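Each in C-alpha cells, the structures are laid out below.
Look for subunit A in each of the two complexes below; its partner is subunit B in the first and subunit C in the second.
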Partner chain A sequence: MKICTVLKQVPDAEASIRTAGDRVDLTGVTFVMDGMDEYGVEEAIRLREAGHQAEIFTLALGPKRFEEAIRTSLALGSDRAIHIETTDVLDVVTQARVLAAAVRQEGADLVLVGGKQADWDSSAFGPALAEALGWPHLDWTTRLAITGTAVEATHDTDAGTETVRFSLPAVITTQQGLNEPRYPTLPNIMKAKRKELRKAVPADYQAPAPLTQVGGEVIQVKARLNKLFTGEAVETAAQLVGALRDEAKVI
Partner chain B sequence: MLNFDLTPEQKEIHRLARQFTAEQIIPRAAEWDRTETFPKDMVKAAADIGLLNIGIPEDCGGLGLGVIEEVLIGEELGYGCMGFDTIILASDLAVTPIKIAGTPEQKQRFLPPLVTGLGAFCLSEADNGSDAAAMKTKAEFVGDEIVVTGTKMWITNGGVCEIYVVLCRTDEASGAKGTVCVVIPAGTPGVSHNKLHGKMGQRCSYTAEVIFENVRVPRANMLGGVGDGFKIAMRTLDRTRITVAAGSVGVARRAIDESVKYAKTRHAFGKPISELQAIQFKLADMKMGHDTSRLQTLYAAWLVDTNQPHAQASAIAKCRASDVAFAAAAEAIQIHGGYGYMNDFPVEKLLRDVKLNMIYEGTNEIQRVVVGRSLFR
Partner chain C sequence: MILLVPEHVAGKLRPSARELVAAARTLSALGECQALLLGPGASAAAVELAAFGVTAHHCEDAGYEPFKADVWTSAVAAAATQIGAKAVIVPATRGGLSYGPRVAVRLNAGLLEDVIEVETDGTTVGAKRFSYLSRVTESVRSAGLPVVISVKVNVLAPAEPSGTPGSVSAIVLPIDPATQRIEIVSQSKASTGGVALDEATIVVTGGRGVGSPEGFTRLVEPLAGCLNAAVGATRAVVDAGWRPYSDQVGQTGKSVAPNVYVALAVSGAVQHLSGMNRSKVIVAINKDKDAPIFKVADYGIVGDVNEVVPELLKVLGKQ
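What follows is the complex of A and B.
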C-alpha cells in the first residue's frame, strides 16, 4: 500500500498575527505543520504500525518555507516527500488538480489530508482532490479501519456520526479525535536528514490555469467601541439595554 | 563568513522542544513547584523523544549533537520551567566529564545507560563550592580499587540518577593536584542520599545530599589520572554553564512574554498599561538583555562546537544571561503589580527559579573572576 499525506504549513496557533495595510504581516511568525494535517501523518504511521505494508510519502504545494513542515513529517515517519514549490496563490480546485496529477504519478492507494486548512479554512481541498482523482472521499473522519482494500470509517455529520464503507483508492480528510499525534523524536529528526525531499514545480504536473483569481483583500479588524455609560445605575442600565437593542441589535 | 542560520535539523529540534514545553511542561510546572514534585514521568517522556543527554556520541548509542542544540533545547525548557531544565542540563554535567576525559572503554561502559537515564555531578560539599580544590571527599587506592568516603551537597539528580561523577581528593598531593574524578554507579554499596527540602525555586528538580561511605569501585572508574580531577571539573563547567545561560535566556523570554500579555490587558488611567512609557522602557530593557545574552550564549556554544577556546565566552554568557533573567523576572513582577507577587501568575516563580542560575555551576562572582583574570593573562 502507498499512503500519501498532503500537508500545508501555517502560522503557529500561538503566534500573534499582525496586519500591515491590506494584508497579514507574517514576518517573524513561527510556522508549523497544519494541526489537521498532522492527524493524517499520524494515521498513516499508525496504519503501518498496525501491520499494513505501507510506503508513506508526503506531498505539499506551497512556498519554500513549507520545507520545515515537510521535514517534520519526515521526522514523524514519512518515508519521502515531494515539495511542489510555488509562491502563486492558487484556488483550492486548482491546487487539487495539481496535487491529483502528482498523486497519480507517484501512485497511491490512500490520501490523508486535514479536514480543513488552518490558513484558508475552506474544507474544500479534500473533496476537490477526490473529485479530480475520481475517487471516493470521506470528510471529517474520526475513526478509520482498513482490511485489504476495504475501508470502514466513521465521520461527523450535523446530526451525529455516520459509519460508511468504501474501497481504496480513496481520499480521507482528518480531524481532531482521529488520533493523538506523537512528537517527532530527536533520533528521527536526525535520520530524516537522509530521507528524500524532492523538489518540483506546478508545471511538472501540467498545472491548469487558476479558475479564480483574488481581486482584492480586506482584513476585518474588530475594535471595541469603548462606550461608557455614566450616571445612576437604573439610568445606565436602561441606556445599555437601549444600545444592545437598537445599535447592536443583539436583544 | 557570518551566518545566523540554523540547520533544518536544528530548527526542527528547536520546534520540538518548544512544542513539548508548551504542551507538557507549562501546564504542570506550577503544580510541581507547589508540591515539590520530581516529575519522573515527564523526564521519561523527554528522554523518550530524545531530549536527554543529546551530546552522547553516536558510537555510544547517543545522538552526538553539539552545544548549540543543547542551547536550543535549554532555552525552551527554561521558558517552561527552569527546574525541569535543570534536571536535563545537570545530567549533561555527568556526561561531559566522561566525554572529555574518559577512555574509549570508559565511554562505552558509562555513557550508554545515560541515553535514557540521568546522571549527577558531585562537586559541591557543605563547606566548599566555588573553592572546589578545598573539597574533603576522600579517595583511597586499595589494590585495584578506589575507596570513596565523603558527603556531597546540593547534588542535582542525586538519588534519581544512574551514575554519579564524583570529585574527590587523594593524599598523594595537596590542593588541586591531589584531586581525582571517579565514576560511581548509583547502585554501588555505600551510596545513599537525603532529599533536600525547602528550596526557594526550581523545586521540581531533585536535589540531594549524597553520602559515600567506603564506596568501592574499580580503579578503572577513574577519569584521567591523579591530579586531573579539578581540571576535568573546570573543563566540564566551562562547557556546561553555557546551558545554564540558555535556560536563563528562556526565563528572560518568558518574563517578557508574560509581561507583554499582561500589559496589553491591564488598564490604568483609561488605557492599557502597555501604552505607558514607564512600562515600555522596562520591557525594552528586558528585551535588550534577552537578545544580547542569547547571542552570547549561542556564540559560546558555537565556539565549543567548532573546537575553539570558550572558557571566557561561556563565563560571560552564564553570568550575563542569569543576571539579565533575574532582573527581567523582577521587572515582570513589578509590571504585574500585586498579581505578580501571587503564585496565581507565573512570574514570581521565574524569579525564585532563576536565582539559582546565578549560583550553580560557578557563582556569577566566580564568572567575573574568570573574565577578569583572562584580561590580565
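What follows is the complex of A and C.
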C-alpha cells in the first residue's frame, strides 16, 4: 500500500495575526505543521505499525518555509517527500488539480489530509482532491480501520456520527479524535535530514489558470464592551440580565 | 441562471434556505434563480420555496437521503449543467462543505467557500469569508463563471417571500450506481433538543468548568430553555463524553454567529473562539477573571457558574 499525507505549514494557533496594507503579514510569526494534518501523518504511521506494508510519502504545496513542516513529517516516519514550491496562493480547485496530478504520478491508495486548514479556514481541499482523482472521500474522520482495500470508518456529520464502509483508493480528511499525534524524537529528526525531499513546481503538473483570487485581507475585530460584573452572585446576575435587557436589548 | 440547493428536513425547508435566496437575489445579474430539492419531502419543500419567486425542481428519489457526497455531487452538477447555471449556491453545512468542492471541480468552477457576503459585476463574483481561525476577513473574487458558493449559515438576512411564486416541477435525476461507493453502516443521531445550534439566535455553551453532564442538565439546559437558546459545548466537554459532537462549537465543530452567545465556564481557547467570535453579543461567566474569554466578551460575570446560573434563572424566571 502507498499512503500519501498532504500537509500545510500554518501560523501557530497562539500566534497573533497582523496585517500590513491589505494583506496578512506573517513576518516573525511562528509556524507549525497544521494540527489537523498531524493527525493524517500519525494515522499513516499507525497503519504501518499495525502491520500494513506501506510506503508513506508527504506531499505539500506552498512556499519554501513549508520545508520545516515537511521535515517534521519525515522525522515522524514518512519515507520521502515532494514539495511543490510556490509563493502563489492557488485556489483550492487548482490546488486539487495540481496535487491530483502528483498523486497519480507517484501512485497512492490512500491520501490523508487535515479536515480544515488553520490558515485559510477551508475544509474544501480533501473533497476537491478526491473529485480530481475520481475517488470517494470521507471527511471529519475519527476512526479508520483498513483490511486489504476494505475500509471501515467513522466520521462526524451535521446530525451526529456515521459509520461507513468503502474501498480504497480514497481521500480521508482527519480531525481531532482520530489519534494522538506523537512528537518527533531527536535521532529521528537527524535521520530525517537524509530522507528524500524532492522539489517541484506547479508547472510540472500542468497547473491550470487560477479560478479565484484573494483581493484583500483585513482584521475586523469587533469592538467588545468588556463590562465585567464582580461580587455576589445575586447582584451580578441581576446586573447582567439588566444589561442584556435594557442596554444591549437582546433578551 | 443561478441554481440553489437548499436543505430541508422531511419536506420542511431549513431556515438557511431563505439565506440562500437572499444570496441569489444579490447575484440577480447572473440571471433567474432556480432551485433543486432532493430526497423524500422535496416536492413539499419546493412548494415552500417557490413562494420566494424561485423556480423549484424537486426529485423525491429516496436515494438522496441520507446524504452521500458522491450522490449529491452528481445530481447537483447535472442540474447545474442542464440549466446552464452561472452560480451554484449551497449552504455551508457539513453536507454543503463536503459536496460543494466536488461540484466545483466537476464544473471547473471557482469555489467561494463559507462566505458571509457576495456580489457580482455580471462576469465575476466577489465574496467575503473568514480566514486565520476567523480572525481575518478576506475578499476573494472569481476569475470568471461559473462559481460554486457555500454560504455560511445564520449570517445573511433571510429573504422574504416575493409577489409572484415560481413554478414547481419534478426533475428526473436517476442515481448512478457508480456513485454508491460509500455504504452507510450505521448512524447515531445526536439529540440537540429543540433549537439547531447553527440556526439559533441565542446559544448557551458550557465548558469544562460546568463540571459534569449533570452540570449541563442543572445549569446549561435550563438557562438555554429560559432563553429559547440552543446548547453548545467546547471540545473539552465533547471529548469527555458529556455532550455529543454535534453540540461542539469551534474550529473543528460548528461555527456560529448568534445574536447572543453565552459562554459558561469556557476558557476561550483560540480554537473555540474561531467558532463564535463573530457573535453579535458575547456573554461570559467564568471564575477566573483572567480567562481569555473575557477579552472577547461584551458582558461578563466573574464568578462560579454553580452560584451565578441559579440566580440568573431566578431573575429570568421573574420576568
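Quick note on the criterion: the second predicted complex is superposed on the first by the 217 of 251 C-alpha atoms of A that agree within 3 Å, B and C clash if a C-alpha of one lies under 4 Å from a C-alpha of the other, contacts with A are read in each partner's own complex, and residues count from 1 in each chain.
In this section, contacts are C-beta pairs under 8 Å (C-beta built on N, C-alpha and C of every residue); 3 or more make two chains touch, one makes a residue touch a chain.
Since we're looking at a predicted model, the values are computed, not measured.
Legend: residue contacts after superposition of the two complexes on their common chain; A:85 is shown touching neither subunit B nor subunit C. By the document's definition of touching, neither partner reaches A:204: not subunit B, not subunit C.
Shared-chain residue A:75: touches subunit B; no touch with subunit C.
In the superposed model, A:14 makes contact with both subunit B and subunit C.
Contacts of A:32 after superposition: subunit B is touched, whereas subunit C is not reached.
When the two complexes are overlaid, the chain among subunit B and subunit C that reaches more residues of subunit A is C.
In the superposed model, A:186 lies in contact with subunit B only, and not with subunit C. By the document's definition of touching, of the two partners only subunit B reaches A:67; subunit C does not. Contacts of A:166 after superposition: subunit C is touched, whereas subunit B is not reached.
Shared contact residues of subunit A with subunit B and subunit C: 14. By the touch rule above, subunit B contacts subunit A in their complex via residues 8-9, 11-13, 15-16, 18-20, 22, 48-51, 54, 63, 65.
Listed in rising order, the residues of subunit C touching subunit A in the complex are 66-67, 69-70, 73, 93-95, 97-102, 104-106, 108-114, 126, 129-144, 147, 181-190, 202, 227, 235, 239, 244-246, 251-252, 259-260, 270-271, 274, 277-278, 280-283, 289, 294-304, 307-308, 310-312, 314-316, 319. Against subunit C, in their complex, subunit A makes its touches with residues 11, 13-14, 17, 19, 24, 36, 91-93, 96-97, 115-116, 118-125, 127-128, 130-132, 136-140, 152, 156-167, 175-177, 209-222, 224-230, 233-234, 236-241, 243-245, 248, 250-251. Residue ranges of subunit A in contact with subunit B, taken from their complex: 14, 30, 32, 67-68, 71-72, 75, 183-190, 192-193.
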